[in-house]
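Here's a structure for you.
Letters A, B, C, D and E name the chains as they come in the text, with residue numbers starting at 1 for each one.
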Amino acid sequence: RAQGSAEGPVFFAAASLTDAMRALGEMWRAKGNAVPRFSFAASSALARQMEQGAPADIFASADEPWMDYVQQRQLIVEATRSSPLANALVLIAPADRPAPAITLDRNTDFSAVLGADGRIATGDPSNVPVGKYAQAALTWMGQWEKVSPRLARADNVRSALLLVERGEAPLGIVYATDAAASKGVRVVATFPAESHPPVTYPFALARRAADNAAAKGFLAFITGPEAAETYRRFGFGLRTP
Amino acid sequence: MLEAATGWLTAEEWEAVRLSLSVALRSVVFGLPPAVLAAWLLARGRFPGRSLLDAAVHLPLVMPPVVVGWLLLVTFGVRGPVGSLLNDWFGLRLVFTTGGAALATAVMSFPLIVRAVRLSLEAVDQGLEDAARTLGAGPFDRFFTITLPLISPGILSGAITAFAAGLGEFGAVITFASNIPGQTQTLPLAIYAATQTPGGEATAAKLAGVSFALAVSGLLLAEMVSRRMQRLLGRERG
Amino acid sequence: MLEAATGWLTAEEWEAVRLSLSVALRSVVFGLPPAVLAAWLLARGRFPGRSLLDAAVHLPLVMPPVVVGWLLLVTFGVRGPVGSLLNDWFGLRLVFTTGGAALATAVMSFPLIVRAVRLSLEAVDQGLEDAARTLGAGPFDRFFTITLPLISPGILSGAITAFAAGLGEFGAVITFASNIPGQTQTLPLAIYAATQTPGGEATAAKLAGVSFALAVSGLLLAEMVSRRMQRLLGRERG
Amino acid sequence: MLEISLRHRFPGFALDAAFTAPTPGVTVIFGPSGCGKSTVLAAVAGLLRPAEGRISVGGVTLFDGGAKKFVAPEKRRCGVVFQDSRLFPHLSVESNLRYGLKRAPKDAEGPGFDEVVSLLGIEALLGRRPAALSGGEKQRVALGRALLSRPALLLMDEPLAALDAARKAEVLPYLARLRHRLRIPLLYVTHALDEVDRLADTLVLMQAGRVLAAGPLEALAARTDLPMLAGRQDAGVVLSCRVAAQDEARGLTRLDFPGGSLVVPQAALALGHAVRLRIQARDVAIATSRPEGLSVQNLLPATLAAIEPGGAHDVLLRLAVGDSILLSRVTKDAVGRLGLTPGLPVWALIKAVAFFAEGRDGAG
Amino acid sequence: MLEISLRHRFPGFALDAAFTAPTPGVTVIFGPSGCGKSTVLAAVAGLLRPAEGRISVGGVTLFDGGAKKFVAPEKRRCGVVFQDSRLFPHLSVESNLRYGLKRAPKDAEGPGFDEVVSLLGIEALLGRRPAALSGGEKQRVALGRALLSRPALLLMDEPLAALDAARKAEVLPYLARLRHRLRIPLLYVTHALDEVDRLADTLVLMQAGRVLAAGPLEALAARTDLPMLAGRQDAGVVLSCRVAAQDEARGLTRLDFPGGSLVVPQAALALGHAVRLRIQARDVAIATSRPEGLSVQNLLPATLAAIEPGGAHDVLLRLAVGDSILLSRVTKDAVGRLGLTPGLPVWALIKAVAFFAEGRDGAG
């Protein structure tokens, strides 16, 4: 089906942005615009689909490397790339257990909390963004060598959260946004900002939509000040450019 | 009824239900004929490369669905060897369309149908085909009047497995056809979207329930048809 | 040869190969008996709740794998009804273990085996079972000496499908058992990880090739066994 | 005692059959294709649960519709030879043969493996699978499997239909002897009257799902009112005889029956042995005076008791020979030519070679 | 002309058979179970590709191992009645019957649907599926299916084995008439000698994969050197006769054969019609002087040509009646008692009722 201009721009967004983007979409429609059509999936899938000619007008990745990937292939308008959102990395534990007393610094010893066979649930450091940040943070803490065999590597942050909620893993490392939305977990501590590269969500306009006014408008809307309140509501931070 | 129901599911969710059904059915309908052909070649054919065909048929089963989706993307994408031809000649684009979702689903369930049909084919009493030959039935005639009816339980079983699997197909669809509401967002993709949303468990459970109900309806229907077939084939006890 | 091979795949990848085989085989071995039982109940049983069982068997096929993994977690996790018992009584934990990966794989391929076995069961000439009865064979005796051999092609077909699917099982395994190198990181998980990394295509392709080779070996083996079975059942043409 | 009474319906076919037969002994069910013979056998074996009725064998009730009693087939110990042989395709011929043998009670008596195998001439087939057998070979193996299962009751559905005459001539007397040796009742379905004659103690005539007549073979055989028997070329009577003399030199055996004696080609039977002889009406000729210089060995003085209708151009003569009855089929023309009327004394002529060469076992 | 020469091996069995037979006409293959009869039929139908050999029917080569010629079975137009009926389980009886009919060439001649259905007595079964048929009913439908396929060659593998005598008595003359009417060659396998007599123009005797003898029935029937025939109770000769007179009043028909004539129960045949009569040796008695007052209709003056071995206690007498030969089976005792030696003039006694009541078609 060819897409008419009345149908609104096609927005490829990382799955972790689902809620915030849906809410923004509603606002955009309330303002009398055509609803954007979302496709939420893993950033990798979305990037590859764009490479194969997917009709995406806007792309929001959950990490920088996949945005780099499409940029190298000249699929986006470089000038429109920006990363307005920020997120924090937190250590969580099941809500129905007494909170372990942990402060996160270079001397934290996880093994005391994990016990003999407990694991830390997080994304797979090899490819899931939250896992990459976790690896950086643990490395910063000098714990990576010790802890890495004790990781439960999930394929996305929601699965990691689930493992903690269900009490399978006594600890987990997820984004603050996810932890905030779950009743099943409590935030034990927040990783110091300097322990890992900033958590960013790069946005960009696809090259094929360079002249698409609706797409440009929506991108401007979600990266603009009007969206800030919504982001905050879902627990995101905003980066000062 | 529809009022209540539409209240219960959002418009987008209804769309996902409709899409799922459409995708699963299309994948079965379009997947069946080549699957029967492949099964026939595997069960009866004596040609070099038979093992290769056998392996190729099983490929989608062996690969993680994401890889299959990716391979499809590379092949049928507008830049891919097949996709570009389809696009140039027929203006047909599969990626990111409902048709594409059906294609991905069909490919994933292909081995399931082939296996079922092949199993039935191997159990066909070739004496009956021989009898048809002596009565003047050529290969096609024989296939359609004798073999096909005799393997119909296998075809039905394969189809229903494929239909059920089609309702649940996720990895290949999301990778190949993306997750576009109203076009490629089938139920499993909607369920996935719900699980990716904090607090989305209730929605996920609700949609999973719908998906299951659809599958069960399909199963019950198939069960009825199957019992009838068994009777026609004289396999039911007197 | 091993030298070259170990150089070609990293130690971790070798481990994934070993794990994949182990998980796929275990899932088939442990899944077969209950699958045959379920198939028998569905094909021959006349009991209330038969349709329910039919539906339940197909559940893993219909649901997106992630949902199945989630359901498994809820059931077999340490807080789940079954998992807590296993943990309390036997100190057995499934999540994060190879056993858990095998369980998830077995559950996912369960419907495939059931379907194949059931198809074969329905095609069994009950006259032969009757003959065995008159010769004094009771239900179990009859099942093991007549029915089981006659449905062996279906069991083999189901097993090979399940094995192939087990080699490719991804969603349920990663959700239920997570991706722990050396314990639950099977080939599809490693392949998935590779595809999620920009530039990881080469690794993914290499691993996919390995996975495919494994499946093909399994298929060829099954093909040989199957041909032998057909011969034993007198189905091959003279 | 075999007591069977069955009612069952298939779409387009209703079975309503009842008969009793003494055991041990051979009960032969005889009737046209589709009359319900196999259905009766299936019910006795327990493979068909009739809508109503009662089946009991030797006082043991196997099925009682009223009392809701139904003994499972595997408990009935019925050796069955099915009309379609139903060999297990995945087992070798030998394993097929041994299947029932293995499951038989330890103390059950019956013929040995080698005995049955050589009787049926299937030594060379033991290693093969059923798919590699010819039609007759399959049926022989099925027969062997049933014989070897040490049954309490043998049910046979046209077991010899696919066998050639030579093999049949070996198996038939074996079955007759077996009945004698093992004293197991045998329920036997056949289309062939020669099998009826050779085996039957009790004959059950069926037609369209009903029993036309049932009773001892001797009583039924001479009944000319049963169209199924009388209209046939091979109508005749069965005489119960006793071996009276063996004449080695002349190669003849003399058999006495109530009212006379017959010579037949020599049979290896002990003196005094009870023997049953079927004498077909077509083999009995009539002379009004004693003829001389004939090759015919048996000239029996008789009285013409009655002239009964036979085929279109012939009649059946009922001849009283002492206490026994013989039937003779002659053309209507001969009746007129010889002036045959009831009461006339005549000679009955029967060639010795009209009888089978081997001996037959009697009922006692 | 039917020319068949085949070589093929199964594990444990070697077929090496060759024979020719004139067409149209009925060629009967006769031999013990497992001798290779069905295998020959399968090769002629094209369902088995023999290792070597040649098959041609009426000048058309269907298979030639040397020339690598192999006509596909669906092109051969062979109507086959398989030993196992092979009905299509998913089709009704009627659809089974019509399957071949629909695929036959438009201009092919053959019996009509209703004719075949009523001959076989399967009117009531048309709507059923094969699974709901009895053994004999299945075989009748299979027979009907082959008859209705308008074949160029009919191959029948024991088509009547599961039929009762009454049905057989209807079908057998029908097959004989059919051969006449349609002039299609028929290759027929049977174990039953009465079917051989009724149908065969050419008889092929097989044993253990080889052809023992093949030739016109008349020539083979009188051969006492073929143990398969001579050792049998029903050894005999076949005479080619012609209808010479019809005696309505006496209900008799006179048949002339080279050297004499016979009276038989009246047959509905036109004068001059060629007829074949089988006279079993056991039905022929001998008298050294002409007997009087006998019911026996046929007294033929004959010369004892030879005394040949028969069974253990009997012999076969070869009698010259004019230009024809008759066989008579008598006990060895009778030979001594009557002082029978070759060259002796004797009377041959044959009961008229020894012959089937219906007429039989001749070869011409």
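What to note about this one:
Basically, contacts are C-beta pairs under 8 Å (C-beta built on N, C-alpha and C of every residue); 3 or more make two chains touch, one makes a residue touch a chain.
Only a predicted model underlies this, so the values are computations on that prediction, with no experimental measurement involved.
Among the remaining chains, none touches subunit D as well as subunit E. The distance from the centre of subunit A to the centre of subunit C, each centre being the mean of the chain's C-alpha atoms, comes to 35 Å. Separating the centre of subunit B from that of subunit D, both taken as means of CA atoms, is a distance of 60 Å. Separating the centre of subunit B from that of subunit C, both taken as means of CA atoms, is a distance of 20 Å. The distance from the centre of subunit A to the centre of subunit D, with each centre set as the mean of the Cα atoms, comes to 90 Å.
Multi-chain contact residues of subunit D (touching two or more other chains) are listed as 10, 84, 132.
Multi-chain contact residues of subunit C (touching two or more other chains) are listed as 66, 70, 192, 195, 235, 238.
In subunit A, no residue touches at least two other chains. Chains that are in contact with each other form these pairs: A-B, A-C, B-C, B-E, C-D, D-E.
Within the complex, the subunit B residues that touch subunit C are 51, 54-55, 58-67, 70, 111-112, 115-116, 118-120, 122-123, 126, 153-154, 157, 161, 164-165, 167-171, 188-189, 191-192, 195, 204, 208, 211-212, 214-216, 219-220, 223, 226, 230, 235, 237. For subunit B in complex with subunit A, the residues that touch the partner chain are 66, 69-70, 73-74, 77-80, 83, 95-97, 174-175, 178-185, 192-193, 195-199.
Across the interface of their complex, subunit D is touched by residues 127-128, 130-138, 141-142, 145-146, 149-150, 152, 232-235, 238 of subunit C. Residues 45-47, 72-74, 76-80, 82, 84, 86, 88-90, 99-100, 103-104, 129-132, 145, 149, 155 of subunit E are the ones touching subunit B in the complex.
Within the complex formed with subunit B, the residues of subunit A that make contact are 1, 10, 12, 15-16, 18-19, 37-41, 45-46, 48-49, 51-55, 156, 158, 161, 177-178, 180-183.
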